[in-house]
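Heads up, the next two complexes both have chain A, just with different partners, chain B and then chain C.
Up next is the complex of A and B:
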């Protein structure tokens, strides 16, 4: 009984919105006071097919800058995280706290100041500019995950590999990175989602010349075409889920092959 | 040794100093009238003067504070309870309970859209109320989203924040020993007492972290207010947006001054909150 109650609550909070979105996708004419759509149609899907190119460009662009942001944050955090996990130094706690602030303070406060600098250095309205601003705002998630990853891994593997004569780069590529993969995936997923779903920063720095899926979706959300907005919102939900599922299964396959699990 | 150490930290320290600190510095200097797109005529603190003397700034500030505090509180409370309940589910059901991650994936603007679908006057809840005879027509449904209380934004932030709080609390619960609850029950503690005295202290750190993150995010974010906000009082972020993009370039320092105030508030809040929590925990330990 208790279980049913908890589940009912979860479904009501988290599944019902998805069901309504699916219904509304296929019922452009769903209006007050109908609780169930009067008629279903594929008008929304037709519109989607008609504007296929624009939508795919926006989607592809969002995907690319989010993935690049993940890679950039990984590059930023890999070495510093190993230092933080493996050594004690004075002021460590303070420095760690300071390094986490970009994810806490409102991103507007530094992004709008940076906008000026980006215009001067021709980074405004470009993909690299968008990636930089997104990385600056989302790297703390990668950093935290990597520090935790290094801590669970411990020093022994690296020391052992180095003792056996492996170079620094080789140790990193063949020993450390594979062992850190779960942490990288965990941090990377969060960074990806943050970058993929951000609207304002992309709008500010990308200035409309960097297409993004959020930018495409935004004006539709307050328009009267709820069917189309619902379809695009569902894409937003299922695309990352699909992406993560593929990632998960490949990872498990890789681990099996390497005999890690 | 020292240089090697700094070199290793540099991939993070350099962007942090240049982009983050530099960005905040530029915001600050523009608020004083330096480095603005147009030469600024006013004095050093003129932008601050005009911001701090306008009553609409204060109403926006407190409105943002109220939306942020209420939504973060709701999300943390609901998230903690749900996390505890899900944690007590049998292992098989726990996998199915992963549905709670759905709003984590949805972007903020999509969550705002969901709130619009459900709670607007022509939305699902209104239709339900009509078909059960509670209201006569669309006008009978309370204008929740535009009531002046920011209810729409609070709902959206709470819906987006609940799974986030759940995630953090759940991570701590996974390392929590069930026998502690059984012991408490054997010693005669009621369910409520067990939850308050045994479980809550254990998950409190996650709750505090979740509260700080959610509170500051809803305090300064732009996406949800832009879809769900009411014209007056507006959230601070919307005021900044309007000043930055829609008004005269000459008013740029005012937008920047609001941002500096928001930044200082956020930093102060983090410090004050962690201080208070530490002190409370110390008091508790002494008892």
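Up next is the complex of A and C:
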């Protein structure tokens, strides 16, 4: 009984809005007194078909820069996270706090000034520029996850591998990274979601030259074309879910193969 | 988005102070070429057009009709990039400050205070409008000499005309109020059934200017440069009008729709009884889209209806200025203006001078079916009152926040 209540609550919170979205995708003229839409139309889908090229380019581009951002943040955070997890030094708490600020400060405050620098360094309006600004803003999520990962892993495996004669790189690749995988996936998922759903930074640094799905979606969201906005929101919603499902099943398969679970 | 606007405004002010550069800096070599040479130069290139992206039907028109025609005529790849005008003005300011000579934007859709700010900061290329054959042939120079009271000087080329109208559902209201006073009475008699988008939204801002003219005795007094005394004397009448109706508005006036699109949604769901738009065939377009009931009609108040012209402009660092000029010229062609005029596509009013067209062309414009929801162009023209100079506009938007919102 208790579970039924929780289940009902979850359905109400998460499934019902999706149903409303699906309905309004096909009913642009759904008005107040009607509980069920009076008429359905495929106009939103038609628009989608007409613009599929642009939408797909935007989706693809968003996907690519979000994934690259995950890799870049991983590269940025591996070393500092291992230091933070494995040693004590004075001012550590302060430094950790400082390292987390990008996630707390609204990105607009530093993005405006950085835009100027990015123009100077020919990074504005390019894909590397977008990846860099997104990484700069989202690395704390990766950092936190990696610190936790290193702490769970402990020092022993590394010490052991080094003792047995493995070099630094080999230790990292064959011992640490596989053990850190759960932490990387956790941090990477958040970084991916943050990068994928970021609008303003991509817009400012990408300057419209780097297509992004949010850049395509946001103007239409605020338009009064509800059916179109609903359809695009559904795409926006299901793409990451789909991605995580794929990631999750592959991971489980990898773990099984290696005998971890 | 509100926060974005506030911050970008701040940064804008800051940057404007830093990089004020006079605009007249000698003729650009491109402007010395003939239009034929410009055409040859631009053939086969890409043009990136930055414009407001919140209207799906306008996006569709640009992506299909305009893009196809540009491809067919000049083998030009037209790429539309959605971006609000205030945002691209900021972007250009940043680029100017950083000395970026090769930008990414070729053409802008712009008017009003954004044009004024961009031109004053030296962000625009020109004067190019006089070079466009379609502008020379079809546009009456006087009709596009000023943009919100600010001299255009050929730094932007016209491409459409907007006219402020109100929308109602004739199935619900038999005859809408005809004057501002009657409108006020109606609002008070029907609590919660009216609201307007929160300025500085384009449409909401136009609505308060409309009321401003009506409650202070007409537009003529404001047509000269900004007069602080006059403004301080007249604006309290507007604030008291707006504050008087506030308790009777949707949500008791505690909140306003953020932009015109949200008002459209409220109106389409039947939550409020009136919509408003700066595009007369907007209601017809929404009916065709399926969002508004067939019975929606438009009307104007007796005190008059604002109109303005919107334009295209070319940034100082546009990589493909020749291509941008071709596009700007194409948008002024009879074909493009006709296509844009049809409510099926968009319903934006033509900016061409009908007297300069051949009788056959004129007929084609007259034969466009604007649909039952749209007022006739002649009716609109009779009630037309010009836009207020940009300085008043900004003062009104700030004043609204101070006196009405708080």
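As a convention for this text, the second predicted complex is superposed on the first by the 246 of 261 C-alpha atoms of A that agree within 3 Å, B and C clash if a C-alpha of one lies under 4 Å from a C-alpha of the other, contacts with A are read in each partner's own complex, and residues count from 1 in each chain.
Criterion: contacts are C-beta pairs under 8 Å (C-beta built on N, C-alpha and C of every residue); 3 or more make two chains touch, one makes a residue touch a chain.
Treat the numbers as computed from the prediction; the structure is a model and nothing was measured.
*Asks:* After the chain A overlay, clash or fit between chain B and chain C?
*Replies:* On the shared chain A, the partners clash.
*Asks:* Looking at A:79 after the superposition, I want to know if it touches chain B, chain C, both of them or none. Which is it: first, second, both, neither?
*Replies:* first
*Asks:* Name the contact category of A:33: first (chain B only), second (chain C only), both, or neither.
*Replies:* both
*Asks:* Considering only touches as defined above, state whether A:145 meets chain B (first), chain C (second), both or neither.
*Replies:* Neither: A:145 stays clear of chain B and chain C.
*Asks:* Return first, second, both or neither, reflecting whether A:104 touches chain B, chain C, both chains, or no partner chain.
*Replies:* It touches chain B, and chain C stays clear.
*Asks:* Could you look at A:54 and tell me whether it touches chain B, chain C, both or neither (first, second, both, neither)?
*Replies:* So A:54 only meets chain C here.
*Asks:* Which partner does A:200 reach: the first (chain B), the second (chain C), both, or neither?
*Replies:* In the superposition, A:200 contacts both chain B and chain C.
*Asks:* Kindly classify A:226 by the partners it touches after superposition: chain B alone (first), chain C alone (second), both, or neither?
*Replies:* both
*Asks:* In the overlay, answer first, second, both or neither for which of chain B and chain C A:112 touches.
*Replies:* In the superposition, A:112 contacts both chain B and chain C.
*Asks:* When the two structures are laid over each other on chain A, which of chain B and chain C touches more residues of chain A?
*Replies:* If we count touched residues of chain A for both partners, the winner is B.
*Asks:* Could you look at A:14 and tell me whether it touches chain B, chain C, both or neither (first, second, both, neither)?
*Replies:* The first partner, chain B, only.
*Asks:* Flag for me the stretch of chain B that overlaps chain C after superposition; candidates: 75-83, 183-191, 237-245 or 273-281.
*Replies:* 237-245
*Asks:* Residues on chain A in contact with chain B in one complex and with chain C in the other?
*Replies:* Of chain A, residues 31-33, 106, 108-109, 112, 116, 200, 222, 226 contact chain B in one complex and chain C in the other.
*Asks:* Using the touch rule from the top, collect the residues of chain B that touch chain A in their complex.
*Replies:* It comes out as residues 5, 8-9, 11-13, 15-16, 19-20, 22-30, 35, 37, 82, 85-86, 89-90, 93, 96-97, 99-100, 102-110, 112-114, 116-118, 121-124, 126-128, 130-131, 137-138, 159, 162-163, 212-213, 216-217, 219-223, 226-227, 237, 240, 244, 255-256, 259-260, 262-263, 266-267, 270.
*Asks:* Which of the residues in chain A come into contact with chain B in the complex?
*Replies:* Spelled out, the residues of chain A in touch with chain B are 3, 6-7, 9-11, 13-15, 17-18, 20-21, 24, 31-35, 75-80, 82-83, 89, 98-99, 101-114, 116-117, 132-133, 135-136, 139, 143, 193, 196-200, 214, 217-218, 221-222, 226, 229-230, 233, 236-237, 240-241.
*Asks:* Any idea which chain C residues touch chain A in the complex?
*Replies:* Against chain A, the touching part of chain C is residues 1, 3-4, 7-8, 11, 48, 50, 52-57, 59-60, 63-64, 81-83, 87, 91, 94-95, 97-100, 104-105, 258-262, 264-265, 268-271, 286, 289-293.
*Asks:* Provide the residue numbers of chain A that touch chain C in the complex, in ascending order.
*Replies:* 28-33, 39, 41, 43, 47, 50-51, 54, 106, 108-109, 112, 115-116, 119-120, 124-125, 200, 203-204, 207-209, 215-216, 219-220, 222-226, 228
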